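Several structures are given next for inspection.
Look at the two complexes coming up: subunit A is in both, with subunit B in one and subunit C in the other.
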Partner chain A sequence: MLDYIIDLVIIGVSIGMVYGLVALGISLIYSGLDIVHFAHGEIYMFGAFIGLTLFQKLALPYVPTLILAIILTGLLGMFIERVFYRRLTSGGGGYTVAGMAMVVSGFGMSILLQNIAFLIWGPKALPFPVPHGMPIEFGDLALPMSYVWIIGTALVLMVVLNLVLKKTMIGLAMRAVAYNKDIAYLSGINVPLMISLTFGVACALGAAAGVLIGPINYVQVQMGVGILVKAFAAAVVGGFGSLPGAVLGGVLVGVVESLGAGFISGTYKDVYAFVLLIIVLMVRPAGLLGVSIKMKA
Partner chain B sequence: MSGALPMLAIKDLAGGYGNVQILNGATLNVARGQIVALLGGNGTGKSTLLKAASGLIKPWGGSITFDGSRIDGMRPDAIVRRGLVQVTQGKETFPGMTVEENLLLGAYVVKDRAKRTTALERVYDYFPILRDKRHQPSGGLSGGQLQMVCIGRGLMSSPSMIMLDEPSAALAPQIVMGIFQTIHRIARDGMTVLMVEQNVRMALLLASYGYVIKDGLIHIEGPSEQLIDDDNVRLSYLGGTVANREAKL
Partner chain C sequence: MHPVLPWLGGIAVLSFLPLITRTAYDQYLLNVIAINVVLAVGLNIVKGFAGQVTVGHVAVMAIGAYASAVFSVHLGLPFWLALPAAMAVCAGVGLLVGIPALRLEGAYLALATLGLAESVRIVISGTEWLGAAMGFEGIPPPHIGGFVMETHFRYYFVVMPIAVMGIYISFAILRSDMGRAFKAIREDQLAAAASGVHVAKFKLIAFVLSALYAGCAGSLKAHMAPGYLNPNDYSLQEMVTLLLMVIFGGIGHIWGAVIGAIAVTIINDLTQDYYTYRMAIFGGVIVLTVMYMPRGIGGMIEDFWVRKRFAALRAATKARQAAP
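The block that comes next holds the complex of A and B.
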């Protein structure tokens, strides 16, 4: 019985890490740009497809696949921000003023990216066969390597993100832009570049999530729709805009989902996340780590 | 204003926000090494003029020349790189960051770590209290200390000119005195200063030249001694009494 619970928790934590990475990207964009990015699920889907293509067509090993997919998707994110979203700010006042227009173009971008992916990779769910090797065994427990990879990689990425935001001038500048764009400008920071960079980093995290989940789930055009909803639940549970909150929320959503599926019924797997969401919103409307300070690393 | 090329030359500057025009052709010069005061009531265009000079808003017309080259329409970070820095009104810092992180961000354009450290030491020299508080988040500082962080952040890129928007606003008189003394010291060390002030008498005692702006136009200008004596300025801004011209900061 205990083994079963531990199993479910481990599965929950690793899926939760994937939700957390996507939620981290959404929170990063929200705290940095004051906008909610509704195409982030499709960025995750693109990351997974780019990873799969690199893995199969170029026959790269898993780690270079992961790194390259993260970089390429990050650049794709910067491109999308620079070429499409930034046009909305041409009226002045930045993204904050673009508000509703930004939400609508996020949805538009999500449909566009799904269709582009459909044209390139087709409608079929594709397997992402990564030979991670045999599961690690602890007594009666068998821990599949793909879960170890997810948890390990996600932790590494989160630590790196935290160090960059806290210890480097670029990270400080990204946080400065999140706080106050005028003052950041007057400090000599290239604000538009930092906005692109924030967007790129957020998309890179989404790509990592996509490549990590690939070996467990199939890779398909529609995969971004479901994750967006879960990542939003995770971000809100943790406190929207809080970076540690996004991770915590992701893990909680993952674990609750996994335990619910294991003990109650797998049919209602998607319901548990929202039951958790509603409970958290009733008890702590600002989320568990609800923040007043932006991009708190 | 005679002789050498001014450090900052603003000519016929027009500008505003949205459809509202605030500046209607203001002309103003700041000579190298001088402290110049820009005075005027609320909504006359003082802050708008500074924001146009620092690049936060795009001017609609006229020209802004800094150190011999046109800067109007440039991005604010490019203007900082050229050595012109604005300290905004409102004592705005990055509250979740420490005092030192706030200051270091002011030196973002300085890529040399040793130069950043030198600049930091210079700021701590001007404002010793900030050295004691350097590892504290700026969110917990007093108003005077916040203003010190803002001015210090402005000095971190070692600019050749700094524009201060109401450094005395919402501060206790003895704190204002300290801040003005430090501004005096900073100018004596070679910095060119343009300061917007509501505290007209103090500003004119500190500055060598003054401009009074009204409805987005320069209304009166002249050497500070002359402005302090000017009946129009006195009646409008000095509360009718004769300022103590002998007072030294």
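The block that comes next holds the complex of A and C.
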């Protein structure tokens, strides 16, 4: 019984790390640009497909695949931001009219990206066969290597993101832009570039999540829809806009989902995240780490 | 002239529409258009008038459709009772969705409703007695005595008057003080509250009204021949089509929503064979409309009239000044 619970928790934590990475991107965009990006699930899906293509067509090993997919998807994100969203974000985000337009526009973008992916890669769920090697054994427990990879890579990415944001000049500039765009302008920061960069980094994190989950799940066009709700749930549970909160929320959502599937019913697996989301929104909208919700005043 | 008369005239004129259609498929399309008009007009109330971004409207419609189906199949209610019962269920759902909306601003609301939309679909496709993923079949068509409206031709005379009535009620709401309260909330919530508008109450009313419309549309869809429902008809893709109707037609314009519903349904039907391209184009059109035509077709038409009226006014002023 205990072994079963530990198994479920391990699965939950590793899936939760993936949710956390996507939620991290959503939170980054929200704190930096004041918009909620509804097409982030599709960015994650694109990342997984780009990774799969690199892995199979170019026969690259796993780590270069991961890095290249991250970079390419980051560039794709910057392109999308520059071409489609700039007009809206320059009008101000948040609860202004442009912010609401952003929600609708992101929704349209997600359908657009989904169908472009459908045209390129087809409707089939494709396997992403990565030889990770034998599971690690701890007594009775067997920990598959793919989970080790997910947790390890996610942790490395989070540490790198934290270092970039806290220790480098670019990170400082990005945080300044997130804090106040006008003052950032006055301090001589190239605000539009930083906005693009924030968006690109967020998309890169999504791509990393996609490539990481590929080996334990199939890669398919619809994979973005489900993760969006879960990543949003993760971001809200942790406190929307808070970066450590996003990771914590992701792990929590993953564990709740895994335990729910194990003990209640696997059919409604995708609903638990939503239930958690609603409970948190009703009881404590600020999330666990308690960011103050931005209100227009 | 009584204000309802033109609408009755409209119903009378529209009654001749199925006569000029050639095939049963065209009549089916007319019915779908009418149902979509009800849906789009309803979404317009919460989104266009009150400015609340909800993407869970398909879920409410699905609940309405399945509630109506359950009432008529499992409880044996006739259509004329199942329709209001389903609408009542949806009003309750609208209230439930509206309560978090009181605390949640903009984007949060969109998140919560997105989750709702997906969850409702997943729960329906996992529940055996709702037909699960196979769909719910054998929903009886409405009947008056022995007169059964099983063909699309007959069903049209159920759907069309309801759609026209829906448009009329929507106009009535917009003209009333309730409509002005909605618009005040949309423009500026704080200013509306400061002017004495009970923001929470009117937000809830907007959600319930739009849920009533969605429930009505869902129930109409359920009882239309062949009386079959599938959970996949209530996916996010459908929500995009629905959003497109309202956004392309012009947020906040009733005729815009009607035009959008008609146009999108027809385009949707004509491009049946190019499914993926169509959805990609729909998504692209939403993105571009939001960017370049934020007020949609309705807004363009309004601008045209305003400009024309100003031009006439200017010409009149000039003529008056020229005359001694």
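Please note the rule applied: the second predicted complex is superposed on the first by the 280 of 297 C-alpha atoms of A that agree within 3 Å, B and C clash if a C-alpha of one lies under 4 Å from a C-alpha of the other, contacts with A are read in each partner's own complex, and residues count from 1 in each chain.
Rule of thumb we're sticking to: contacts are C-beta pairs under 8 Å (C-beta built on N, C-alpha and C of every residue); 3 or more make two chains touch, one makes a residue touch a chain.
No experiment lies behind these values; they were computed from the predicted model shown.
> Which partner does A:Pro61 reach: the first (subunit B), the second (subunit C), both, or neither?
After superposing on A, A:Pro61 lies clear of both subunit B and subunit C.
> Now for A:Ala176: first (subunit B), second (subunit C), both, or neither, which partner does it touch?
The first partner, subunit B, only.
> I'd like to know which partner A:Ile111 touches here: subunit B for first, subunit C for second, both or neither.
second
> Going by the contact rule set out at the top, does A:Val103 touch subunit B (first), subunit C (second), both, or neither?
second
> Give the label of whichever partner, subunit B or subunit C, reaches more residues of subunit A.
C
> In the superposed arrangement, which partner chain does A:Ser187 touch: subunit B (first), subunit C (second), both, or neither?
first
> Can A:Pro131 be said to touch subunit B (first), subunit C (second), both, or neither?
neither
> Starting from the residues of subunit A touching subunit B, keep only those that also touch subunit C in the other complex, and list them.
Of subunit A, residues 293, 295-296 contact subunit B in one complex and subunit C in the other.
> Which positions of subunit C touch subunit A when the two form their complex?
These residues of subunit C touch subunit A: 51, 53, 55, 100, 103-108, 110-112, 114-116, 118-119, 122-123, 126, 189-190, 236-237, 239-240, 243-244, 247, 276-277, 279-280, 282-287, 290-291, 294.
> In the complex of these two chains, what residues of subunit B are touching subunit A?
Those residues of subunit B that touch subunit A are 54-56, 75-77, 80-81, 85-88, 92-97, 101, 104-109, 139, 153-154, 157.
> Mind pulling up the subunit A residues that touch subunit C in the complex?
Checking each residue of subunit A against subunit C gives 30, 35-36, 38, 84, 87-88, 94-95, 97, 99-101, 103-105, 107-116, 118-119, 225-226, 228-229, 232-233, 236, 240, 267-268, 270-271, 273-275, 277-278, 281-282, 285, 293, 295-297.
> Quick one: which bits of subunit A touch subunit B in the complex? Just the residue numbers, please.
Touching subunit B from subunit A are residues 169, 172-173, 175-176, 179-180, 182-191, 293-296.
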